[in-house]
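Take a look at the following structure, please.
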Amino acid sequence: MSKLVYLVPLFPLIGFLINGLGRKSLSKSAIGVIGSGAILASFVTSLVLFFEVKNHGAIPVQQLFTFIDVQTLKIAFAFQVDQLSSLFLLIITGIGFLIHLYSTAYMNNEEPQHYGRYFAYLNLFVFSMLLLVLGANYVIMFIGWEGVGLCSYLLIGYWFKNDSYNYAAKKAFVMNRIGDLGFLLAIFWIIVRLGTVEYGGVDGVFANAAAKLSSFDVTLITILLFVGAMGKSAQIPLYTWLPDAMAGPTPVSALIHAATMVTAGIYMIARSNVLYSMSHIAMNLVAIIGLVTALFAATIAIKQNDIKKVLAYSTVSQLGYMFLGLGVGAYTGSVFHVMTHAFFKALLFLGAGSVIHAMHHEQDIRNMGGLKKKLPITHITFLLGCLAIAGIPPFSGFFSKDEILAAAYAHSPIYWGVGVATAGLTAFYMFRLYATTFLGTFRGTHDQEHHLHESPAAMTVPLIILAALSVLGGFIGVPEILGGHHELHHFLAPVLTTEKHHEIEHGTEFMLMGVSVALAAIAIAVAILKYSKKPELQDATGFGKLLANKWYIDELYDMVVVKPLNAIAVFFKNIIEKSGIDGLVNGVGKFVNYSSRQLRLLQSGQVNAYVLMMVLSIVVMLLIWLQEGVIFRVFAKLFY
Amino acid sequence: MNAIILSALLGVVMMFSGIVLKSKPAIVSTALASLVLLLIGNLLETYGIFSIRVNTHDMLDFTKFGYFFNTLAIAATLLYVILSGKDVIKVGNYPADCFALIFFVLCGVSILSSFNNLLMMFIGIEIMSIPLYILTGADKKNLKSNEASLKYFLMGAFSTGLMLMGIALIYGASGSFGIEAVKLANAVPGGALPQAPILDVIGLMFVFASLLFKVSAAPFHFWTPDVYDGAPSVFTSFMSTIVKAAAFVAFIHLFENKATEMGNIWKMLMVLTIIATLLVGNITAVFQQSVKRMLAYSSIAQAGFMLFALYSRNDMAKEGILLYTVAYSVATVGIFAILIKMKDYTFDGYNGLAKTQPLLAACNTVFLLSLAGIPLTAGFFAKYWMLASVVKAGGAFAIWLVIIAVLFAAVSVYYYFRVIQSMYFKEGNAETTEISQGFKIGLLVMAAIILYVGINPDGLLQWFYL
Amino acid sequence: MPIQYYIYLALALFSIGVIGVLVRKNAIIVFMCIELMLNAVNLLLVAFSKMHHGVAFAIDKASTVGIDGQLFVFFIMVVAAAEVSVGLAIIVMMYRNTHSVDVNFLNRLKN
Amino acid sequence: MVPLLLILLPLISGLLSFFMKGSNAAKAWALLSSILTLIVAVIGVCSCTKYGCLNYDTAWLPSLGSRFTIGLDGMGKMLALLTAISFPVVFGATYRNNYKNPGSFYALMLLTQAGLMGVFLSLDGLLFYFFWELALIPVYFLCSTWGGEKRIAVTFKFFIYTFIGSLLMLVGILYLYFQTPEHSFAIKDFYALHLVGKQQHLIFWLFFIAFAIKMPIFPFHTWQPDAYEQSPTSVTMVLSGVMVKMGIFAVIRWLVPIFPEATKYYSHTIIILSVIGMIYASLIAIKQDDVKRLIAYSSIAHIGLMCAAIFAGNAIGLKGVMVQMFNHGINVIGLWIVADAIEQQLGTRKFSELGGLAQKAPTLAILLVVMALANIALPLTNAFVGEFLMFNGLFQYNVYIAAVAGISIILGAVYTLNMVQKIFYGNTVESTINATEVSGNVQWVLVALVVIVIALGVYPQPLINLTNSTVAAVIGVH
Amino acid sequence: MNTTQILFWFLSGLALVSALMVLLSKNPIHSILWLILVFFSISGHYILLNAQFLAIVNLIVYAGAIMVLFLFVVMLMNLSKEKEDQKNVWMKLSGIIAGGCFLVSTCNVIFNAQVVSKELAGKTALLKEGSIGLIGPLGKALFNDYVVPFEISSVLFLSAMVGAVVIGKKD
């Protein structure tokens, strides 16, 4: 049974190899089947594992081989399936499968070899993501961590002919690397202090953390880990890559930049919850960064006109939520939100993909409108997704978001206030998007209108499944106050420390729910009223312009980091290297040449002069003899 | 004694061969045969088989080292005549006399390798020098040769004067001309070393200066570039190799007096001289345009390295001088032999030699690498032995001296490799006079010697210690 | 006579020779100055020879100590003679080619 | 016997190769010889466990106290293997290239290999110096004869620069020799020396400058980009793949254990210098427009890390360095092969004249991407293991320095991805419009390298195990 | 001051003045004649030192043979007046200064030896006494201890002869 653990990542790996190597010889359908089939197989295995875990508890660590063994440090290539990872396995493989399925249709216009490349990358991504969550130590997690970053890079730049896509891909990778450096330093710190990177076991990090780590160590390790999470999960200040990452194909955005990869940071912190629980500073930092990011991204999302950009900022915002949850100690809530978010955000992205597909790669919502009739399934599912993200009960988003908000309130009402405001904004911009896209009248070209059609079944089926999940997914975490048992909470209890809740009174809690739902409902109503009839078609002005331009953060980064760095690099290259160091080296040569020219002038060709030099030399020798003591002392000083 | 007597006699034989033999090649053959005879004679004495015994009244002291050096000098001369003999007879109208003079020089060399008395040193140096004045001016129609000869002669005579003054002062201090009278110790006031008489020190200083002149060390080197440049190339080759090595042997022999420790004054003077020589030789060579003149400066630079033996005064130094003699003589003779064949003596004249004469270029490269002290050539071990001897001798300046020396060695790479660059990497059509097969074989043999010694210097030294 | 007188005298003569070499450009005169230097050395050697002899003479009238100094002078003369023959030949050769005996007349070899 | 064969095989076949006339004969001969060497090396590394088989010792220069002592320890095995692998790879990848005077070209290449082998195997100071130079001189001729436009001046600078270094090292060796009680050059006698006092520091620097120039680390590096740029690419591969390892290797074998005190005393200075060099070179690499120069500066950055990790003075960093020596060699050779393939086909190396090659040569693109990823030490490529261990070691030494050095990870990603993007992505341009996939030999060689990259990335333990004995020897002396 | 001393000072003065005149004469022939006078005065010194053999040899070889050779050469070349250019006045000045420095520093050294280390104290050159300067003892020594250098110096002459022929012969 436990050997099944290997199979989970193995299937995608095989899929990657077959599709990658055979991309020129395999037919498209074969590629699609292999690609999706590998993930399906993986999903089935994950299901089996999940139930195994659910029924019998965590599966013992499975060691494949010793990865690195330098006596003082042993790092095993080992997998660990516990409650947390089994849940993530399901999310990854499940949603992954749906998106693969969706992709078979969505990417059908590609040439076979690029089609094969696409599925190979996608399989590789799933493989890396599985490594990330399966790894039984930080190094394996880091391997997956960098692996998903790579796949993200490859997939964002999938259409490599377009240079701006390439820049976006590079930006994503480099920003991730900044985070990775933090992660890496954290790992080193752990190694230096604890001599191990394993999570569990008696020798593991978590078991020894309390005893061997000072509070300074813990704070630094957790903050460094969080820096890693910032990069991967697009938090301030490392979030700017994610909106740009929308350059990739839409299913990629759905899978990587919404459902799975970006939640790796959440997973990592949830995984390290033992450490985080030991450091209040780090917890607060996580919460504040999360909160600020959530609000900040939400404001930007209000004024975006690219359908995917809106979703991207929404993702950033929602990730901020999750970090808020982690920061206030609601680990379960965050994981819960990861799950529900995966459902509805994947749904929204896929829905957006369906729209884009129908509109022939038109992404500007100002050129859409009135798609309700032409794309019925897409419309319904998209609406459900919007409701879910807006936190309208009983859709899944409501439960997860509510849990985080409740915990935030318990922590500090201010957190809760900002959180609720963000929730309102979320509802607003999502329904702005919905209204502008699906309601009103069609504003695109005639040609586009003529070709509008509902997507094929391979695309709609995943939409429907995800819609169902978005609607129902919340019920595994119904809080006790609403008469539920919060199954998820119980399931995850062995791995996630339960925060010491300042118990909120039931009345308060109901009130909180009420406020947030009411706010969301009002925002929805305003958005629909405002945008269904008169969508905002002109460029924004004033404050709106500031938001539309994303607070000019990209420009700021360019000015503060990129340009100075470039200037320094040019300075090094042209001045220091050429004139400084190389100049010095060449200067020695030039000096020798110069002295050569001067010295040979002594060789005047005149006998008298030569003899004069000889006589003078003898005189000097005699003088040296006379002043021997003095000269010797100088000599000795020089040479000793 | 064999070498001294035989070389003098064979010199006379060569003199008369010019009258008897009418064909020039025959003269070369006679010279070769005589050299072989001389070599055999010397070897016989080395191994104690046959030697002419003369009571020298302690004027000469025949040592293994001396025999061995004679062998090397004679063998090098033999190689030299094999390669460049045909070019010797092209210079002037008295080919036989030139060979006779070469033999007389060898006589002087043999005296210098075995003198035990300042008088013998003086006579040896004169016997060696006077024929050189003549050889330098042998190309009588050539004004450069005239000039070189005059300069060489005047300065040589001047330095003889210096040496004699020195010898006189030494005699004044010690009452003897034996080399044991040469005392090096002269400590700083209050030091532990016994003070040598001032007259002795000053006298030795004059002798030192004069010998520095002979080995062309700075600041007594000024004659060297002009004379080497002006003299007929064949004789430059001879002068700058065998003769210079012999001067060094004399120099070291004189300063070797183990009974006395070297005073600080001498250490300082030597360090300064070595550095000055390396500086002048290497730096000035960098800017030369003529290969011949570059080689003249390079010979100054090499002298700087050989001077190390003087500083260290140990067994390694003597072995080093032997190795240096082989490495430097063979390589320089080879390079000059090739130079003589070139139509144009400038660096550009060598452009593209690798294409027109690949063998010459390859051998020339080996010789140049050896001069530059690149490993796997004899030159490396020659330099190595010198550096090692200094480190072994120790002392305050040793390590710095060695560091300075290697830095200059790196500079020397610059000008030696310019020739290699010209030959191999530059486009051109180097013109040479006709090259015979024998010449090529001779070059190959010399290159082989360089490489053999470069891989196994012990082979040479073992023979010495036999 | 005290020996230092001879030494100073010899050095003075020697130095005059040296100055001659430095300042005169006529090759023959330069050469003569070198001969002057040699003669200064000769004088010094003879003086030293008698100095050393004097020490031994006080003990043994028949001693030959110091004789080598005088013999050395003899050899110096020999060598000087040989040098002169070669030197003058060189100067004559140069005169034949250039009609000058100026040591710096020929100045092709430099730098 | 194995070490002797490793040196003699290339040496003799190299000398014979001088007499090869035809181009094909010379190529085939060189390839054959290098493959034979590889086989011997593999046998030596894998199956030869008995002590005697990995050592060879014979008299040489008895009067000097020098012996012809060669042997393979863990690090030696690794580098011998790297040398043995890289030459067939280089020959294979450039098999289609035609050189004038092919006999001499391949002869000099093989002689270089002999020199490199000798450096890695010799256990005697003088012998080491000999091979050190033997490795340099053929390269001088190779670069000067077959290099680019400015080859003569550039190679000359390179030669003199490194020659100064090695001469200084010779002085150091000499000094040590006279310090040993029985006047010997044997490395174990050097190890047994316990040098103290100020003189030690001077000698330390004599050695270190030689090695620093060879590696090269900042600020001794300026010969390197020029030399890489102007050399024929197959020589550049050897230069950067194997030859720069000489410096690192020598520091580990000939510097750190002999001067433990001075090493400790100066380690801070050197590490800071190395780290400055890493950042400096990375920044310059970002601004390069020439593939070769970019790889050159990238190489400087990587070497800087290795140097810093050595002087961090802990076992974990040292192991990382050794592993990385091998891996960096493989990776950088891979990068050069791609650079060469591009230059051979398109006649340019300028980024500004390249682009969109992925459409024309997708296989090459993928192979390059893998190599590039290895260059930035992505996990599951071989370089990750080395860099992970090295950073770890550096971190143990000093947190702040490690953090600053870590910036190079980010910069590394920037310039490497720049390169990939500018060559392969975007639209085709004038020079690449008619480009085709590279020839089979290049592909297969690259595939082989990629296999090594991945295999050692996933399962690096055999490589790490090789380092154990050497690390024990080096750290043990401390 | 006895006769010997008077003679010593006289001869010394004569030698120095004549030596200076060698330098100062413009006419080479005059220089030669002054030099001959120097040799005569040095021979006088030899006689004072009872080195009769050397005194005679000096006269014969130097004053007689060598100087006559010089005279012949000068006359042969017809160099009555030397036409020295005045450009090199700096060279001359520096030559004189260098020579002066040389003289001063060497004399300083001797002064050191005389006053500081006192190694010359009480050392005198024996004048009339001692027979080593006579031809008999010299001859014995020359053909006994010094026979080797004596014979070898013949090689020197031979080479000088050859040289004179090679160089001097007109062809």
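Per-chain numbering from 1; labels A, B, C, D and E assigned in written order.
The rule is simple: a contact is a pair of C-beta atoms (placed from the backbone, for glycine too) under 8 Å apart; a residue touches a chain by one contact, two chains touch by 3 or more.
Please read these numbers as outputs of a predicted model, since none were measured by experiment.
> Once the contact rule is applied, which chains count as partners of both chain B and chain C?
Chains touching both chain B and chain C: A, E.
> So, comparing each chain's Cα centre against the centre of all protein Cα atoms, which one is closest?
Chain nearest the centroid of all protein C-alpha atoms: D.
> Farthest chain from chain C, going by mean C-alpha coordinates, please.
Result for the farthest chain: A.
> Count the C-beta pairs in contact for every pair of chains, then give the pair with the highest total.
Most contacting pair of chains: C-E.
> As a quick test, compute the distance in whole Å between the mean CA positions of chain C and chain D.
Chain centroid spacing, chain C to chain D, equals 66 Å.
> Which integer distance in Å separates the CA centroid of chain A from that of chain B?
76
> Find the geometric centre of each of chain D and chain E from their Cα atoms only, then give the gap between the two centres in Å, rounded to an integer.
Roughly 71 Å, centre to centre.
> Between chain A and chain D, what is the gap in Å from one C-alpha centre to the other?
The mean C-alpha positions of chain A and chain D differ by 36 Å.
> Would you mind listing the residues of chain A that make contact with two or more other chains?
600, 603, 605-609, 611-612, 615-616, 618, 622, 625
> Going by the contact rule already set, what residues in chain B reach two or more other chains?
Expected reply: 119, 123, 126, 130, 133-134, 137, 140, 149-151, 154, 158, 202, 225-226, 414.
> Please output the residue numbers of chain E that touch at least 2 other chains, ranges allowed.
Each of 88, 91, 94-95, 98-99, 102, 106, 109-110, 112, 120, 145-146, 149, 153, 156, 159-160, 163, 167 in chain E touches at least two other chains.
> What's the contact topology between the chains, one of line, ring, star, complete, other?
other
> Provide the full list of chain pairs in touch.
Those chain pairs satisfying the definition are A-B, A-C, A-D, A-E, B-C, B-D, B-E, C-E.
> Touching chain A in the complex: which residues of chain C?
Spelled out, the residues of chain C in touch with chain A are 18, 21-23, 25, 30, 103-104, 107-111.
> Please output the residues of chain E touching chain A within their complex, sorted ascending.
Touching chain A from chain E are residues 88, 91, 94-95, 98-99, 101-102, 105-106, 108-109, 112.
> Per the contact definition, I'd like the list of chain E residues that touch chain B in the complex.
Spelled out, the residues of chain E in touch with chain B are 106, 109-110, 112-113, 116-117, 119-120, 144-149, 152-153, 155-156, 158-160, 162-163, 165-167, 171.
> Note which residues of chain B are touching chain D in the complex, please.
319, 369, 374-376, 384, 387-388, 391-392, 394, 399, 402-403, 406-407, 409-410, 413-414, 417, 421, 424-426, 456-458, 461-462
> Mind listing the chain B positions that touch chain E in their complex?
Per the stated touch rule, the residues are 4, 8, 11-12, 15, 54, 56-57, 59-60, 92-94, 97-98, 100-101, 104, 107, 111, 119-120, 123, 126-127, 130-131, 133-134, 137-138, 140, 149, 173, 195, 197-199, 202.
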